[in-house]
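Okay, so chain A shows up in both of these, paired with chain B first and chain C after.
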Partner chain A sequence: MATGYAPSSMYRSREGMGIWEHKGKVAAVGVGHSPTERRWDERPETSVGAWSIMALRNAIADAGVEPDHIDGIVIVPETTTGAFWPDDKPLPQDVINAFVQTDDPLDGVAKLSVEWLLKNMPELTNINYSVYAPVCMSNALNVAAQAVGDGLAHTVLVLKAWHNLEGRYYQGGQNAQDAIGGTSAIRSLWGAPACYGTALQFAEYCRKYGKDHDMMTPFIINSRRNGLMFPEGYWAQHRPEELTPEDYQLARWIAKPANLFDNDIPIMCAASYLFTTAERAKDMKQKPVYVLNHVDSDAVPRGLTPTLDEVEAECALTGRKIYEGAGITAADLSFENMYDGFTQFHQFHLEGLGYRGIGFGDALDFYQTDISIEGPNPVSPSGGNIGSGRSRFWMHTDSIQQLQGRAGGRQITGVNAEIGVSGGPMPLGGNYTVWSATPD
Partner chain B sequence: MKQGVIPDELTAPFWSAANESKLVIQNCSRCDRLQHPPAQDCGQCKSGENLEWKEMNGTGHIYNYGVVHDCPIRLLQDDQPFNVAVIMLDDDPGIQMYSHLPGTPVDDVPVGAAVEVVFEKSANGQKIPEWKVVN
Partner chain C sequence: MTILISFDIDGTMEIGDPAGAVTLEMVKTARAKGIITGSCSDRPMSAQRAIWEQYGVEYDFVCYKHLLSDLKTQFEVEEYYHVGDRDDLDRKYAIQAGFGFFWPDEAAASPLLL
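Presenting the complex of A and B:
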């Protein structure tokens, strides 16, 4: 079974498509996670492949299905956080010995194929549909929802895993060279780090609306607080430290106006969800969480970096597509779990959604009100990447768990968890899922 | 010091013009539309048939900026912190270029100010378009 990338026809990219044809007919049931770690220690049992298997098996057990009932799998084959296994470094022999190998020695170490997973998970005997989604869990969720809705498979595992290796983030490769190729030079000669583009948008936002960096503080504190109540997350597992306003406001700049805590921390981790039809979900172990819609944003900026105007226009469009396909309005959202890694675009997502009636320029004032899980306007109850490290999937796990009533310490209490939205990453270029406790 | 540049097929005209202190930008003559970074095809009509290089007048305005304190590029780390501004060309404000704004103090950047192109040598001698505030 050769596995390829999902065709663009599986994504809902346009406005005017109407209510999603499979609204309420697809459900997430099981959730499975691996542990987290800052970097790989090069042991077989902590490799990205081993943790992927663990996350998948945890999702299967959580849903309470027999592995041979699963007929589909959607994974993201890229696993890098920005770290690459050096060409001249041999793989540890015990890692090679521990798994059934594919033709690619880095499979299961610094990338992941369906072939590798199936070779190492012999209990998955009935997979007849497999497909790749690029980069993010958010993307894979859209594909899985559409695949189940279209009847391409009835019980589907979705997986995203991340590897992180020794060495400082993005300091190797091209960045360490004395000369680089002409095409990449046009963007990269000036040395802007990853958060720079978002920092620029935030700088323009502050000038336009009269806001400042310190106004982000309540959002950061709230995110870390929620993250420390996420037992699957990095900060909860390894560094259970509350953040103070001073910690945030005095942190060193990376690309001003983005500082250290406006960035997420790259980690190793894996997560999996089990998707199935609403009909089959009734017989599974956990309460089904129904998918009301999925949305793709495929906008491309005209220039080197998106302008604030482009960002605001695309977030507004994404918001309209989210509501249109789900047949809901902003007033129906119990909570939002839009992406936050970098912190400084979360407000664009919120404003595009019109969450709790806010418009462009309002979000930083909104952050000064009660945005906690106990209040009427929960913001990022997952705590996101800021609260639990870079996975780009905490927001999905949290949305499912909130609507199942098993988010533990993070369970929102100021409103009933009925409908939520999660997704990302970037304002221009992301995938979003609308989740509901009921199918309609 | 900026990294050197090894021109490739797509970008060679841009870099050789820079070595002659000229700023050229890719243009689709069918759409009458500039684009940067250059690409194999026009971003609008999706055809590569009508792409050409057009000389710019070399003036622009500072659209936005950030200050880089933690740069991933080894050759630039000695210069931290430094400005990285986005310039919008007067020929077409949709065309953006990055700049270290030589001569402008760190984090004291006049957003909206007029700038003009200058050419600066990189580590391997390739000239790079840079931008200076016009007084």
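Presenting the complex of A and C:
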């Protein structure tokens, strides 16, 4: 069974597509996580492959299904954005030998294939549908929802995992080469850090609307607070440090006006969800969380970095697509878990949604109100990447757990958890899922 | 002679992530010699305070490493040093602020800490 990337036809990228044809007919049931670590210690049992298997098995157990009932798998094969195995670094042969291998020695070490997973999870005997989704769990969720809805598989595991190696992030790969191809050469030539583009957009945002960086403070503190109540997350597990206004406001600039704490911390981790039909979900161990819609943003900026105008236009379009396909309005959202890794994405997403009636330029003022999980307007109850480290999946786990009523200390209490939305990463180029406690 | 030594944490001290060559005992030894000590790290300042308190080591200051020059205005001593593991952050900011600079293994072998 050769696995390829999901075709573009599986994504809902356009406005005007109407209500999603499978609205309420697909559900997430099981959630599985690995532990987290800052970096890999190069032991087999903590490799990205081992932790992927652990997350998958945890999701299966959480859903209470037999492994041989699972007939589909959707994974993200890339396991990093900035920690690439150095060309001159010897292969970790003892780790490779600890697992059933594929032709690629870095499979399970610095990348993942379906073939590797199935070789090392012999209990998955009935997989007859597999597909790759690029880059993010957000993308994989869109694909899994559509696959179940279309009947390509009835019980699907979704997986995203991250490795992180010794040394500094974004210092390897093409950044370590003498030459860089494509348009990235133009930015990389000047050493722009990853958050540079978003910082530019945020600078223009502040100028346009008369805001400033310090106004981000309540969002940062709220995100870390929520993250510290996320037992699966990095900060909760390893460094339970709250942030104070002083901590945030005095931190050094990475790309002004984005400082150190506007960036997320790269970590190792893996997460998996079990998707199935609404009908089958009724008999599983956890409360089903129904998918009302999924949305893709495939906009291409006119230049190397999207302008603020482009960001706002695309976020507004994404918001309209989210509501159109789910058949809901902004007023129906109990909470939002849009992406935050860089923090300065979040206000764009929030304003595009029109969350709690806010418009463009309003989010930073909104942050000065009660955005806690106890209040009427919970913002990022997951805490996101800022609250738990770079995974791009905390928002999805939290959304499912909120609607299942098992978010623990993070459970929102100011409003009933009925409908939520999660997704990202980029304002131009992201994937979103609308979740609901009920199918309609 | 009055001396101030600022310690980076991650990659510099034994309690850092990754661990470095400078031990808490070395910091205590420096303090016993009358040296003013504290941390200048990228870790949140509130977390830096918590670390010193967790390990029961007294400290005179915490700050961010890019604020070393501000730190200099708060303590009038004859010699200022920063210990860190990164050229582009620790060494750069130390030099800009007029601090002497030690790599962690140099500091661990310095008579100031032994």
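Note that the second predicted complex is superposed on the first by the 425 of 440 C-alpha atoms of A that agree within 3 Å, B and C clash if a C-alpha of one lies under 4 Å from a C-alpha of the other, contacts with A are read in each partner's own complex, and residues count from 1 in each chain.
In the analysis below, contacts are C-beta pairs under 8 Å (C-beta built on N, C-alpha and C of every residue); 3 or more make two chains touch, one makes a residue touch a chain.
Nothing here was measured: the structure is a model prediction, and the numbers come from that model.
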| item | value |
| --- | --- |
| Chain B versus chain C as contact partner of A:A258, first or second or both or neither | first |
| Partner chain(s) touched by A:A331 [first = chain B, second = chain C, both, neither] | neither |
| Partner chain(s) touched by A:G182 [first = chain B, second = chain C, both, neither] | first |
| Partner chain(s) touched by A:V100 [first = chain B, second = chain C, both, neither] | neither |
| Which superposed partner A:D247 touches (first chain B, second chain C, both, neither) | second |
| Greater residue coverage of chain A in the superposed arrangement, chain B or chain C | B |
| Partner chain(s) touched by A:R239 [first = chain B, second = chain C, both, neither] | second |
| Chain B versus chain C as contact partner of A:R38, first or second or both or neither | second |
| Common interface residues of chain A - those touching chain B in one complex and chain C in the other | 252 |
| Chain C partner contacts - residues on chain A that touch it in the complex | 38-39, 166, 239, 241-244, 246-247, 250-252, 260-261 |
| List of chain A residues in touch with chain B within their complex | 169-171, 175-183, 185-193, 196, 199-200, 203-204, 207, 252-258, 300, 302-305, 307 |
| List of chain B residues in touch with chain A within their complex | 2-8, 10-12, 14-15, 36-38, 43, 63-76, 81-82, 84, 86, 88, 94-100, 107, 111, 122-124, 128 |
| Sites on chain C touched by chain A in the complex | 17-18, 42-47, 50, 64-67 |
